[in-house]
Amino acid sequence: MMIEEYVREVLNKGRRIDGRRFDEYRKIIVEKDIIEKAEGSARVKLGNTEVIAGVKLNVLKPFPDTPEEGVLIVNAEFLPIAHEEYEPGPPGEDEIELARVVDRAIRESKAIKLEELCIEPSEKVWGVFIDITVINDDGNLMDAACLAATAALEVTKIPKYEEDKIIRGEYQGKLPLRAKPVIVTVAKYGRRFLVDLKKEEEEIIDTKVSIGVFDGKVCAIQKQGQGYISLRDIETILELALRKSQELKKVI
Amino acid sequence: MKGNVELIIDGKRLDGRKPLEMREVEMKVNVVRNADGSAYVRFGKTIAIAAVYGPTILLPKHLQEDKLLVKVRYSMLPFSVDERKSPGHDRRSIELSKVIKNALAPAIMLDEYPRAVLKVYVEIIQADGSTRVTGTNAASLALAMAGVPMKDLVTACSVGKINDTIVLDLNGIEDNNSQADMAFAMMPSKNRVTLWQMDGQLTKEEIKKMIKIASDACKKLYDMQKKAIRGAFK
Amino acid sequence: MMIEEYVREVLNKGRRIDGRRFDEYRKIIVEKDIIEKAEGSARVKLGNTEVIAGVKLNVLKPFPDTPEEGVLIVNAEFLPIAHEEYEPGPPGEDEIELARVVDRAIRESKAIKLEELCIEPSEKVWGVFIDITVINDDGNLMDAACLAATAALEVTKIPKYEEDKIIRGEYQGKLPLRAKPVIVTVAKYGRRFLVDLKKEEEEIIDTKVSIGVFDGKVCAIQKQGQGYISLRDIETILELALRKSQELKKVI
Amino acid sequence: MKGNVELIIDGKRLDGRKPLEMREVEMKVNVVRNADGSAYVRFGKTIAIAAVYGPTILLPKHLQEDKLLVKVRYSMLPFSVDERKSPGHDRRSIELSKVIKNALAPAIMLDEYPRAVLKVYVEIIQADGSTRVTGTNAASLALAMAGVPMKDLVTACSVGKINDTIVLDLNGIEDNNSQADMAFAMMPSKNRVTLWQMDGQLTKEEIKKMIKIASDACKKLYDMQKKAIRGAFK
Amino acid sequence: MMIEEYVREVLNKGRRIDGRRFDEYRKIIVEKDIIEKAEGSARVKLGNTEVIAGVKLNVLKPFPDTPEEGVLIVNAEFLPIAHEEYEPGPPGEDEIELARVVDRAIRESKAIKLEELCIEPSEKVWGVFIDITVINDDGNLMDAACLAATAALEVTKIPKYEEDKIIRGEYQGKLPLRAKPVIVTVAKYGRRFLVDLKKEEEEIIDTKVSIGVFDGKVCAIQKQGQGYISLRDIETILELALRKSQELKKVI
Amino acid sequence: MKGNVELIIDGKRLDGRKPLEMREVEMKVNVVRNADGSAYVRFGKTIAIAAVYGPTILLPKHLQEDKLLVKVRYSMLPFSVDERKSPGHDRRSIELSKVIKNALAPAIMLDEYPRAVLKVYVEIIQADGSTRVTGTNAASLALAMAGVPMKDLVTACSVGKINDTIVLDLNGIEDNNSQADMAFAMMPSKNRVTLWQMDGQLTKEEIKKMIKIASDACKKLYDMQKKAIRGAFK
């Protein structure tokens, strides 16, 4: 309780507990290609929040309605190491929501040229598995997760495929990409709009909107939390998200 | 594939509607006798039944919080879709349950029921697009009928972009082939937005335009909701 | 407790809480073809009890021992909306028992001409999925469920199947049927036999026998509950079930 | 397919039995040392072991009732059948567990153990038809050996119709190809029927005839059960 | 508690509660071919501990890296009849550990000539399923389980396979075997080493090492329990295990 | 297949090591900010992160014991291996979690925390052989950093037999093609062995030789562990 009151007090005074401006991200560190066994990978640190995304490619049967397109699967796991309240077990609603919103940002921006991932129409296409694992949760997992996923895709290579077999460790080229989507999550506290909440801030702020952005366009929106925004907030939120997305794009 | 299917011909949608025309909407309350509150909402062929049980004391004790815990479960009946859906909660249902919970919670006076739980169930009887907003409307009515104290009703609709045209209330084939679709809910008397989801590609200006259309539509639906409630007390 | 005592008292006086005779069903309403997306469907109301059955057809591989026969699968779900004690989750023993007894009534009466549902021997047959969903439980789900299933089968159509694809919404004809099985559940309270128990009656009566009937023959029997019947009750139960089955058949 | 296989040739069943002849029956008690009561029952090649643990206090407290809670779990070992059955409780096992529970419960003095739970496990070691009745006989013996107060033993057998002939105690191939098969259990000294299941096609008259055959057989099995119990106390 | 103290007291005096020597097994009874439906089976009693192992054969697709070899699958279930603390449900860590250690003893000793179980390379091989079921647990399940598995394998026959079908109950010959692995579990209490613990002894002794042995060689080692052994104990344990393995081999 | 692959050529292993040479080892502590203690250990390409939460009171009460309950969970990240591993605890992970728990428990002063629980999580970030021993080393460091009272650190390594040669610290290809591989852990200052697993074929003499190699290696690793801990307090 004490911490929650302190966070509120600081916010009410127009400041944040770590001294940042309301529209300021924590220090972002992106490291790519950190897992040799993955076809692509990246670690993202947003302050103390740490997320690793790994991309694995596998040969799959395509969906019947898109017989010549690769398949994208995004999965998220909040590892039990990442926070004392995380327990092992099947994915919870927060993990599923995070994975599905990142999935939409990547899918709707057409970030991956899935149409170039066909091996044999109706029979074999590449499946792109993006696994997002949270190593330490100090808030704003959504933005960190999308950064990590996009950064990992940037360095993903397609394995060689010969005589119906994947040759792991040897590659035929890069994964063909079209866009670099990022997600900016804008929170509302009183009449103020914040980005990049720390965990302590998330405990007391229950209204957030995640906006997926690429090339100046919006590709995903997800309002979160048990609060509401006003109709007139919508433009403010969109503008803030579009502005901050420029910054995020640069760090990838 | 999205966007390649011809969905608007001579200014009319495949089911004959104009771009900003809703499907036929039907709303009924008290459709599940055992429930504390319940409602049926139909948008064209999309049918949702919602029922509310509670608030009741939450057990075991160590799970109690100092405000009402709202549990929402959205699911689709096996025969509600073209290809039979096997029973059980899939990832999509889990996400939508959370989204609907977050759409309803801002309207509920949670502080009035510490240590209690409220169960809201949304069953999609038939699915032809816009199931989450249809279900949200039904759940909001069911809450009201259950006598749960609320700041306002929650009213929801969908809006999307098909064949470069902005349309209201997407049906199934439009949803599957849209350039963008947006789910939206608000407390109409206060202009408070409680559900906002989008996938697709849109500019900021398009979004603003769609929000205007959606909020106008919600106000009409709001009148229908109020009428359905009043009807029950006639 | 109060309600249970009241129900007992009324029964002991030879009456029922809603004024019905012991061998009288509540008002039965059957509506067919209520779900356009299903190949067949029906809603049954038995007083305040409401059940919806939906039939979906799919193409399956047949069982190896019946390579030229369609496949029947019956499933039941007591939706959490239907009663305050129903929780979401995997099917419980009551749901499974209900589904399996209805399955037997349909299967053993050979209600569906499964032998006419072969598309390609050993490879493709029609699978008939009957999903029974309980919308409101005010007792006697078994009889309501079988009525709903049989009524839904009555209006079930087989989709067109062309070039290895099901064309949903277009049909090649009706599902071929042979019989209209119904289930009559007879309960025993003291020395009396009752049909169509309301929920409050089920709370205090723990001996029931469900009898599946078609064409004057018995196709399924399931004794339920933690009570017993006497050997000499068997004839009485069978006669009551056979007699009431005539009524039920008429409403489908 | 049912009814097409020749199962009776020259008045004899494929295993040489006459229509109303039971297979060899073997009954042993106290076969599981750790259990409070246990029994082994064999009908031909069908082998069941049942064990009882309890009654013990039911925890957590809020689950307690004012009478004994009986839990029954029937399952088949993976190697008990022709095609290996993967471990885990399938729908058939869940139904049969309930049916056996309802067969045993009427014989148990449930009121004597408020707030308690009794666990009854039935394991089918080998399955060649009539497993639920074999298991019920074993469970009844195990209850008696555990000292659970009972109104009577519960005795069970199967009866069926194959090649238009009524037969007692179906084996596996008969079960799979029967025109009808009926599982039956009773408290023999009181003519109380506690398990009655049938699937197939039968007239009322056939059912009456089969019930007579089954109840007569149960009385013989009842003597064997009592003998097995007495043997343990010699 | 009382029992635990008693067991300790007796052990501290250099004796065991049932009067055995520290390196003495209880009476071992092995019965083979007890389940007609299984392709092989055996019941092992170690005093009051009773285990049944059944072997079923099925036709499977081989693993891609061993396209001409049969497949071994070992599974263990502590039946709820076997002990008051065993509950039904998915296998727990003890069941999984037991199955995996027995699996290793059989696999690493190359007990089954898996290379002779190929039906059609890359397509069809025999899968050997060994199911170990504990009927009564009075301690030392590991040794009893391996004995039962090895004994069951000894009498396992391969079913006839004609026209892509297994003909159950008819056989083409015996399962080809190479070795008879056994497991000896050595426990440490104070400075003493014991074999074949009874359940009451297991309650107070938390250091055990299971040693898989065949032909005088070691094929599996698994230290168990929350205790430790000293470096210098290793030789003693190995020697005791090798010595006792001779005895066990004889009873199969 | 085991033993057929040429893994040692001209006295060198495929990655250039001599038989008794370890891969490059890296150890870091406090790598997970939220945890009470954490560590990162890398053996060549095998990377493990361990984190410890607790001890905290175990709830609900009836599960409490008179000493500390240690829970260990070992798992491999989906992208840590060549073929993506789908998330969830498989049989191998369940066994290894138990084995690692039994490796750590003897070093922890369990009696000091009655009624409490300690959670130890081991995540394999990348797997190239010897993951359980890499994870054990990380877990032991994490315990120390969490301030859990211990009798000694636990130090682990693997030793195996490939191409008839005994080697230290198996990598992935060696593990998959070994004639024998052994996982080993000890409390180095007291010569107490807490983890000992082997599969393959070995004589008693070979085992003794391997134990000597492993325990010597553990003593070197022990120094590295202590250095990593000291580094954190500099």
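All chains are identified by letter, namely A, B, C, D, E and F, in their written order; residue positions are counted from 1 within each chain.
Simple rule for what comes next: a residue touches a chain if its C-beta (ideal position, glycine included) is under 8 Å from a C-beta of that chain, and two chains touch if they have at least 3 such contacts.
Quantities reported herein were computed from a predicted structural model and do not represent experimental measurements.
Comparing the CA-atom centres of all chains against that of subunit B, the greatest distance is found for E. For C-D, the equivalent interface among the listed pairs A-F, E-F or B-C is E-F, as over half of the contact pairs agree by residue number.
Subunit A and subunit C have Cα centroids separated by 48 Å.
Spacing of subunit B relative to subunit F, judged by their CA centroids, is 51 angstrom. Here the CA centre of subunit D is 32 Å from the CA centre of subunit E. Residue positions 91 of subunit A each touch two or more of the other chains.
Touching of two or more other chains is recorded for residues 60 of subunit F. Subunit D makes touch with subunit E in their complex at residues 32-35, 38, 45, 49-51, 53, 73, 75, 77-84, 87-89, 119, 121, 123, 125-128.
Within the complex, the subunit F residues that touch subunit E are 1, 91-92, 94-95, 97-99, 101-102, 105-106, 110, 180, 182, 186-187, 191-204, 207-208, 211, 215. The touching residues of subunit A, counted against subunit F in their complex, run 35-38, 41, 48, 50, 52, 54-56, 58, 75, 77, 79-84, 88, 90-91, 129, 131, 133, 135-138, 168-169. Of all residues in subunit A, only 65-66, 91, 93, 96-97, 99-100, 104, 107-109, 209, 216-235, 238-239, 242 touch subunit B in the complex they form.
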